[in-house]
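Chain nomenclature is as follows: A, B, C, D and E, assigned in order of appearance, with residue numbering initiated at 1 for each chain independently.
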């Protein structure tokens, strides 16, 4: 049995890594909610949360605890099993995506070379797509299980939106893949470290990807599934307690992860420009890399929030038209042009 | 290759015609012209004039047999559209789409006649089947059509699953999808891998038996043929079914001999033949509706086409070609008359000989052809099928079983003739135009011509 | 007939070990979610009333079951997604091998894009994506 | 050339007749065609244009190996002549009858003649099969379309019987074809096939069942009385006068020479069947109350004798059969003409309702008596020659069989005379009270027949010469 | 891991699918079972393409690429997608007419 001959050191190493990364992403997601409110307040010239702790820094913790200890209500007419499954699935998929993101180069500890990536698989991009597409089940199951017309409506909208934007998202990456020739995120970062950031080659691809990422996370201006003034609260309106918490949390984790992916794909990942990492010791280089990576991520998260509090919400038909009739042809055109140009230059 | 690509292209053209043209009549004309061009292109192909030079990497292998079969199928479809095209316009507003789907079905068929790889076999079967599911359900408001579509779809995709399993196992056993490579490599590990391959081939046989509705995998056929709009049943029961047999015989060509040491294909097929003939003929005898009778008769006819698989030789190939032509043309003709009838029971035909002599006369020729009476194409078709088996010198009892059932089949075919000519009645028909009559007469003439001088047409197509 | 092939052991396996961390993470995530669910269930107060357990409809009475046929549009979008997504999948192997395939591959992918567009234009023309009605 | 004409003339005439509008046109056109055919047939039979004109051979189905080859030989000449004579006679006899859709009726009749001619002319097995089946289709439509009340079911029975039989024959043909080293369907090539005993016995039955159904031989005869009764008389005349001869003809031409050993092997069985059939049919005929059924059963009896005589494998018997084929055709047509004349006039065929016709229609009575006597093969009638020779052959084969079949002759005399007595003599019934003499047309036809009957009865020599070579060919394999 | 685990798993999935198709009466569930069958085949094909000795032998002797089965899987996915779209459309159409997806309703056709 191959399982018995396993390298247990590796397992422990990975376990630690996973624990760290997941905890980190949970914490970041928590503070993203704080950040969101602060940014909103800043944009609207308010103060935002400032009571709990210094600058209200303990606010997300308080929110979390409140949700945790709230009464949990499962409506009578709902489907109990699916009602619980929905948010669990949403959370699960959110937590699974980060497995293939390279957070930094390797560090050397206890004579081990530790890759700062949970799983370096050669089809990382496909893996991300696979897991992200599962996210739609969380929405759909939750909305359907609630047996509430608003929830169901919101879930249908959400599902349609998510799957519609998955197409241009997939297409936009193809042009990128044509340049890098690999589906592995690690290799992609390596090429960017050696050469230039992909954003220079693929500005349109990035734009499409970014728009789609917004839509995938159900962020404004594409937050149709949660449009309060049309649908009360959205697909999770029957939820309470930690189940609601999971849905909300998943959204912020998704935001974090998509920022990370964008940074990886288009902005060099943990690459620090104009810095030759090979002159530094690996551990220091790794720390600098992680810091750079997190910085890029935070910038993206900020952009997400910025957009949310700046742009009005799309109408549903506008949303669908943008996705199908705007982004898909654009992505295709991008693909063809990129291909032609690359081949021409190659000659 | 010409036909394969052009049929897809014409399909797309038809697709967009639905926006450009609102006139249903002109859609039909475009489709007819398209089919004619397709036919010409295919004949040109068989004369060595290839419009497309594409390296298929051994996925497709073109042969005279394939071309000829394509020609026959395309010609039959042309005839079908010319004779019954008008009826297609009755089901909803998506006339152009129906023609599109028909073109796509043809694309699948042309692929089935030249596949040389299990991948192309699978694709051909699916390209052929999926549009048919839609066509079956095209009468959206009709419950029967809905249910037929669902049943056909479930059965069809189930058989697809079986087929894929068969392909996977064959692949595991032989290490390749390519029929050519299989043939070349069979000596290498036949002794070891044959087990997987044989299970795989069995799965393939079963799934194709579903497609061609050979017993005991026929049970969906009557319901589906009955429920589908008659005009599409006509297409399904003829051209599509014949294509299934071509696909099968191509497979048997390559693999039967190679695996014959391990499994007695002939025995298997012979059981299938007997079951198919038995079920098809005996049940057809008890039907009250002509349409249902035709459904069962199509099962029975499938039984005859299976003879080609018993004896994979030249005569079987020729016979299958002729059978496909004879059976398709005759059935298309019968359905063309059927859709004009208000009452689809046998009684509904009473006295047709008086009120619509042309319809009745041509219908008689079609029925005689199906029954395999000399002077019609059906005779040579049956003749060659039986001859191919006699040629092998084995399973002679099966030939006798075949002719006994051929005699039984005369019973239900002649019931229609009796109703038309010898019973009193005043059948109600939809208005019949003279061009429709002309079409029927032309089809009947082809059938008789094929029945007297089959070589005249076949040679012309062939050489 | 000798032993069927699939009972024999085989050549070197693929890169299954690469996926092991993912499995660990999955276990981890499932454990986390389940624990949280159980804990919150245990800690939360349980004072259920009839009103609480009813579905929420902004304060008015709820009318019937929510599981009624929805607009066909959503369904259509789902189906179209499935179709086009599968077409998109085909780009991936091409994209990875794009440079080695050269111009021939490019022409072929142009054809493929052509087919893609034919279907795409068709559904737009047919009004499958019309939401403004 | 002649041979081709014999097929083409009725075919063309038949197709033309389909499109005639009026009944008169149809009748005259068909009669005209039939007479032309007769003239051509005479030319062929007496080799007026030279022997080489009697055959025709061209390529037909190259991929199967069948050729369109036809030819007039001795036995063929005789039966072609019978066919050619029968049709004008029938057309003449029913000239006064009216048929709905006359064009179709006469057209189908002529097509049937085409098929019959083809069967008797074909020297290629597949072509033979073709014509064999082609005869069936017009016959089916004629009987179903213009027959009696129960026509549909009865005709269908007839059709399925014969169709099944011929399909079995088709299997046999295929079997022989692939056993034939020359891979040809030609008659001469078939004669050369040598099969093992098992193969021969197997294939023999495939053919024999087809022929036995057509003849018909007990126990394959059940379609026959019903069909004869229900079919329109004009068709019945052809069916019994000419069509059943197809079976006997085929046995002599295609069965006996191709399967000599099987013929010998099964001869006793078949003779027993035939003789049983004869007795059975004769006994039933005695019990009949219906004129048509009586003639039908008598026909079965006669055919049984012919079949038995063939399988006695004696030259004299065989020759007798060939002559008797012609003679029986002539006689039975005569009987049918009488039966039809009675039925059209009186509307009934039941003996119980008839009687005393001799007073009302003396000419008819005389003619019928002559025909009836010919039917029981009285000396000086044509049938005597044939029956005598057949009995001779049978006697040489097995004395007991001959004796038993001799009984059927006596029975034939019983029912025939009984029929004459009940119809023509005795008191007139309500039905026959108003009877009058038959039309001149019928009379002329009957007179012609009677002349033929007597001439051939007195001077059968030309017939015997004509058939000699056929018998030699048939028996060649046996020795 | 050796190939028999994959093959056995695929065979199990396939059998579950077949059993489901044959015993269940809900059209959607039947449909899902069919999809299960297809995916079982996908699994089997991929396993064979990587690990079947026959495949290896052909590849070494014929110089063919060993990825053909993986390619095949792509095509199966495409076809499955096409079938899904058509099949669901048919099921929806039927649901709209008879408000049920129970295939026992289909027996109506027999009469």
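Throughout what follows, a residue touches a chain if its C-beta (ideal position, glycine included) is under 8 Å from a C-beta of that chain, and two chains touch if they have at least 3 such contacts.
By chain, UniProt protein names: A = NADH-quinone oxidoreductase subunit H; B = NADH-quinone oxidoreductase subunit N; C = NADH-quinone oxidoreductase subunit A; D = NADH-quinone oxidoreductase subunit M; E = NADH-quinone oxidoreductase subunit K.
Being a predicted model, the structure only gives us computed values, none of them experimental.
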item	value
Each chain counted as touching subunit A and subunit C at once	none
Touching subunit A and also subunit B, the following chains	C
Reference subunit B; chain at largest CA-centroid distance	A
Chain pair with more C-beta contacts, B-C versus C-E	C-E
Longest centre-to-centre distance from subunit C, chain (CA-based)	D
Closest chain to the centre of mass proxy, which here is the mean CA position	B
Distance between the centres, which are taken as Cα means, of subunit E and subunit A, whole angstrom	32
Mean-CA-position distance for subunit D and subunit C (Å)	79
Subunit B-subunit D separation of Cα centroids, rounded to whole Å	42
Where subunit A and subunit D are represented by their mean Cα positions, the distance between them in whole Å	95
Of all residues in subunit A, the ones touching two or more other chains	2
Residues of subunit E engaged with two or more neighbouring chains	1, 7, 52, 54, 56, 82, 89
Pairs of chains found to touch, sorted by chain label	A-C, B-C, B-D, B-E, C-E
In the complex, subunit A residues that touch subunit C	2, 6, 10-11, 14-15, 17-19, 22, 67-78, 84, 88, 91-92, 95-96, 99-100, 118-122, 126-127, 144, 146-153, 156-157, 159-160, 163-164, 166-167, 170-171, 174-175, 177-178, 181-183, 232, 237-238, 241-243, 246, 316-317, 320-321, 324-325, 328-329, 332, 335-336, 339-340, 342-343, 346
Contact set on subunit E toward subunit C in their complex	1-4, 7, 50-54, 56, 74, 77-78, 81-82, 84-85, 88-89, 92, 95-96
Complex contacts: residues of subunit E adjacent to subunit B	7, 10, 14, 17-18, 21, 27, 30-31, 34, 37-38, 40-41, 44-45, 48-49, 52, 54-59, 61-62, 64, 68-69, 71-72, 75-76, 79, 82-83, 86-87, 89-91, 93-94, 97-98, 103, 105-106, 108-110
Footprint of subunit A on subunit C - complex, ascending	13, 15-22, 24-26, 28-30, 32-34, 36-37, 39-41, 43-48, 52-58, 62, 65-67, 70, 73-74, 77-78, 81, 84-85, 88-89, 91-92, 95-99, 102-103, 106, 109-110, 113, 116-117, 120, 124, 129, 131-132
Subunit B-touching residues of subunit D, taken from the complex the two chains share	60-64, 129-130, 133-134, 136-137, 141, 144-145, 151-152, 156, 159-160, 163-164, 167-168, 170-171, 174-175, 177-178, 202, 206
